[in-house]
Amino acid sequence: MKHDEKAEVLENREFAAGYRYLVVSAPRQAAEMQPGQFVHVRVPTLERSALRRPFSVFNAGDGKVTVLYKTVGRGTEALSKVKAGEFVNMEGPLGKGFPLSCKGTAFLVGGGFGVAPLYFLARRLPKSILFVGGRTKDDLLALDRFAEIGVEARIATNDGSAGEKGFVTGPLDAAINEFRAKGEEFELFTCGPDGLLRAVTERALELKVPGWISVDRHMICGMGACFACIQKTVRGNSRCCIEGPVFKAEELVW
Amino acid sequence: MKHDEKAEVLENREFAAGYRYLVVSAPRQAAEMQPGQFVHVRVPTLERSALRRPFSVFNAGDGKVTVLYKTVGRGTEALSKVKAGEFVNMEGPLGKGFPLSCKGTAFLVGGGFGVAPLYFLARRLPKSILFVGGRTKDDLLALDRFAEIGVEARIATNDGSAGEKGFVTGPLDAAINEFRAKGEEFELFTCGPDGLLRAVTERALELKVPGWISVDRHMICGMGACFACIQKTVRGNSRCCIEGPVFKAEELVW
Amino acid sequence: MVNMEVELGALKMRTPVATASGTFGYGYEYADLIDYSKLGAVTAKGVRMEAWPGNPMPRHCEVEGGLVNAIGLQGQGVKHFLERDMFLYSRVVKDPVPVIVNIWGQSEEEYAEVAAAVSAAAHPLIGALEMNVSCPNVKAGGHTFGQDPKVLESVVAKVRAATKLPLIVKLAPNVPSIVPYIRACENGGADALSLINTIPAMVIDIERRVPVLANRSGGLSGRAIHPAAVKLVYDAHRATKLPILAMGGVYEAKDAIEFMLAGATAVAIGTATFSAPDTAAKVCDGIAAYCERHGFAAAKELTGAICES
Amino acid sequence: MVNMEVELGALKMRTPVATASGTFGYGYEYADLIDYSKLGAVTAKGVRMEAWPGNPMPRHCEVEGGLVNAIGLQGQGVKHFLERDMFLYSRVVKDPVPVIVNIWGQSEEEYAEVAAAVSAAAHPLIGALEMNVSCPNVKAGGHTFGQDPKVLESVVAKVRAATKLPLIVKLAPNVPSIVPYIRACENGGADALSLINTIPAMVIDIERRVPVLANRSGGLSGRAIHPAAVKLVYDAHRATKLPILAMGGVYEAKDAIEFMLAGATAVAIGTATFSAPDTAAKVCDGIAAYCERHGFAAAKELTGAICES
């Protein structure tokens, strides 16, 4: 069931340049939220006609919902100024999340704030490896949080400032080969920029392993009511907010 | 010369229920401002398409401009939240003020925030008496400030909570009779609600004494450029912001 | 207790507050968040005979005071709507209100076919048809049906002949005078009017030097269009006895009351729902409170209740 | 250094930024606060043959994203304008730019008379005429001249015959398609177009249950109308070679650049001046900075420079 909660902000702090954690009290959503689902946040200081902003859930539980966000435009900028003790209206849980079981190891492939839902997912899956890429090491988010829950991270940066030099597909392909050589099972889960999503989709289809792709599209309603947030799929023009954001690799048409 | 100054707020405090003083640093305007002129204030927290708000000047000098305002709507409400150290854009001096000389005693007849320009005027005239009315004693503003500069106040309130019971025209008419009996000269200066302005206008015309009437009209530009702020006069439809706000009694057509 | 019931022609509404087409899916998507007891009707997303893919992405852009959208009427056709969406609506919504089915077509014949198909279904929850005439007429080279009063009258008459459901015609705002369009609706046999559809609009991304929307232009909705909508409702009410369903930038009760005083029988909430799904409920409560405060025993008394000299 | 000069037909402007009629008096009222070196032209308030009192008060109402006004074209007639206002303009403004004289009338003949009177004055600072055709045609029972393309063509042709000054026609936005109106202007002999005038609008005071404006309705201007204005400028540019002076909700350089990319040769600032008189100067600087950043040597290269597939 979807809720629209007037959620008290408990924490809203920068943890890396331009990236922030927002922790709010939203008991009903916290109780029902699944990894890969998202929330729709009304930024209280924007004019009343401003749209809500969608964010994947980084963690939920104990009555709290956490998102990890990047300040990129006027909405997230304004959100970054909201103080603990103030309130934001938040709708959730929205959308279809990731499956909560996985044959073998879950390969979590993230880019930028795409690691957010993967962290929430990793907490629910028994065995996962994080593959994460970025331009420099500053783009690698929440690695400490993954480490805390015992998830190994395999890293690539374009400039070589952390992990391998190159793209995240480097360590990913290496692991794929390694696992296949050993005959170990794995599934692919990804969230991040479209380029990354396509690369993971291709691999899932080629290897015939399950691939779970979380697609971000600009949204109006977040409820399936407006048809703004389209991703082409085998069924036609699908709404990311309700038929996604997580799609199976074989559903997607790029 | 008109200026648009980015004026630092030095003080913005309530001094009576719903009434506030706003003191800003605006050296160029402070130097040139005359009693009866007004300023046009941009409320920084309103959306950028919001109009400026016009306020009579309560006092000006030493690089500072003071206005006395009542919180009545969304603009003044938002203005009341602006803190010392923040800035407001302010245009001024605007409009035609009061004459700065007066034959005999200046009878200053004010209602509500209409006393604001009368205080500034009283500081410049050698001899004046304030006639002020309101519903209750809480509507009588800045009496202490008039007292400080040695201006006698004659008061009427509808409920008798201060001064005479009744309208300000009571003490005014009494003074008129008193002065005429003694053969002493006086002129009439007024600012306040339209009803009061008309009452004073009538007396000025009847008695054939100079009457200076400050008229408030809703404004867009405050510069004479838009023709929003019309008062009927013997010349036709006159713009309060530039042909006024102070008109001679004999000019006005009600 | 204020009597909140109003009648939009033959459509009985338990409150004067509806939702606007295209902003409320097929009536059930927001079900978890909506108090349907405060609604008088919901309007479904535009439906035509066959499935229609809509426009390429991006389909919208936030602007000051509202939204520019070019969704492009995506949908799965009238059969899917009647079989699946109406079924879901009746299942998901606990306390359902009549559905106003918003229809469109690429030819006059298609309008009539859709109307006939919806009528034939005789679904007890379908309360009225709303014709969206702001869509391109394929035969007339892409002009919209609502652009020319003659074309409008003809398509309204064809739909009228195809259905006994209450027939609402939704008019475009970008006209020099609304009166000829109203006459066309009257002559064509409409039962009511919807005013207003979105205002044609465009946003350009100056950094990339391209229109933001893939469709280049779209329709402006939301707060920005409210004063223009009030004027059109006022003009329409003075020109016709047809009841009016008013929409355009209703965010709070005040906006709805303005519409009703200007002449609307009921109002629909569109863009405001996206940021605040409880808008309709709050508007309904606000209308009731206003009626009490001003001594109106029934919401319907507000219609046209402007005091003019 | 970006070359900021543009030509609106035969009107040479030193920058592509003008002021909009009715928002900038007769060009001198804001003189203390304006940097005229950043302006390409100023547009004077509408003027007709004789004095005109305008509408009763109240004449305006602030709304979200702008303003609804019904000033009603108050003025003292063309003689007063030419003798006194143009005199004051040339005296008060240090570094004056051409004045675009906005004219109106209650009959086609009056338009032509005003145009002839302005031409006859041969004032060196008068650079062009702008016809406001959104005012009531007394003979045609109050319809505006700009409402019907035939009437529009006729009045434009009459004014054309009466003047050799560059002739700009200012069009109303509330039309199904701007194209027939543009054809009328072309056929009538216009040199340029102004787009857009205000959008008809209304605000109702729900507590007193009366329209806020004494004139009942007025015109919406400001930020709210900008996306609609961009669409009309875009449509117009694709339909004609006539240069376009664009207006409607320009508050910052971005808004002006959108207009130019959509096809405008120059832009005018209206409502924004009221809250921020330095808008025109900032917009001018912003256009120059944008040209530099995007490698345009001249502002005029922005006109229609949208990248479309």
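Labels A, B, C and D are assigned to the chains in the order they are written; within every chain, residues are numbered from 1.
Definition applied: a contact is a pair of C-beta atoms (placed from the backbone, for glycine too) under 8 Å apart; a residue touches a chain by one contact, two chains touch by 3 or more.
This one's a predicted model, so the numbers in the text were calculated from it and none came from an experiment.
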{"item": "Co-neighbours of chain C and chain B - touch as defined", "value": "D"}
{"item": "Taking each chain's C-alpha mean as its centre, the one farthest from chain B", "value": "A"}
{"item": "Separation of chain B from chain D, taking each centre as the mean of its C-alpha atoms, in whole Å", "value": "36"}
{"item": "Distance between chain centroids, defined by C-alpha means - chain A, chain D (Å)", "value": "49"}
{"item": "Distance between chain centroids, defined by C-alpha means - chain C, chain D (Å)", "value": "34"}
{"item": "Per-residue overlap in chain D, given as positions that touch at least 2 other chains", "value": "64-65, 223-224"}
{"item": "Chain A residues counted as touching two or more neighbouring chains", "value": "47, 49"}
{"item": "Pairwise touch network: line, ring, star, complete, or other", "value": "line"}
{"item": "Chain pairs that touch, as defined at the top of this document", "value": "A-C, B-D, C-D"}
{"item": "Contacting residues of chain B [partner chain D, same complex]", "value": "1-4, 42, 47-52, 89, 91, 217-218, 220-221, 223-228, 230, 236-237, 242"}
{"item": "Chain B-touching residues of chain D, taken from the complex the two chains share", "value": "22-25, 29-30, 32-33, 45, 51, 53-54, 57-60, 62, 64-67, 69, 71, 74, 222-224, 251, 271-278"}
{"item": "Contact footprint of chain D on chain C as seen in their complex", "value": "63-65, 68, 143-144, 146-148, 172-177, 199-204, 206, 208-211, 216-217, 220, 223-228, 230-232, 234, 254, 257-258, 261-262, 290, 294, 305-308"}
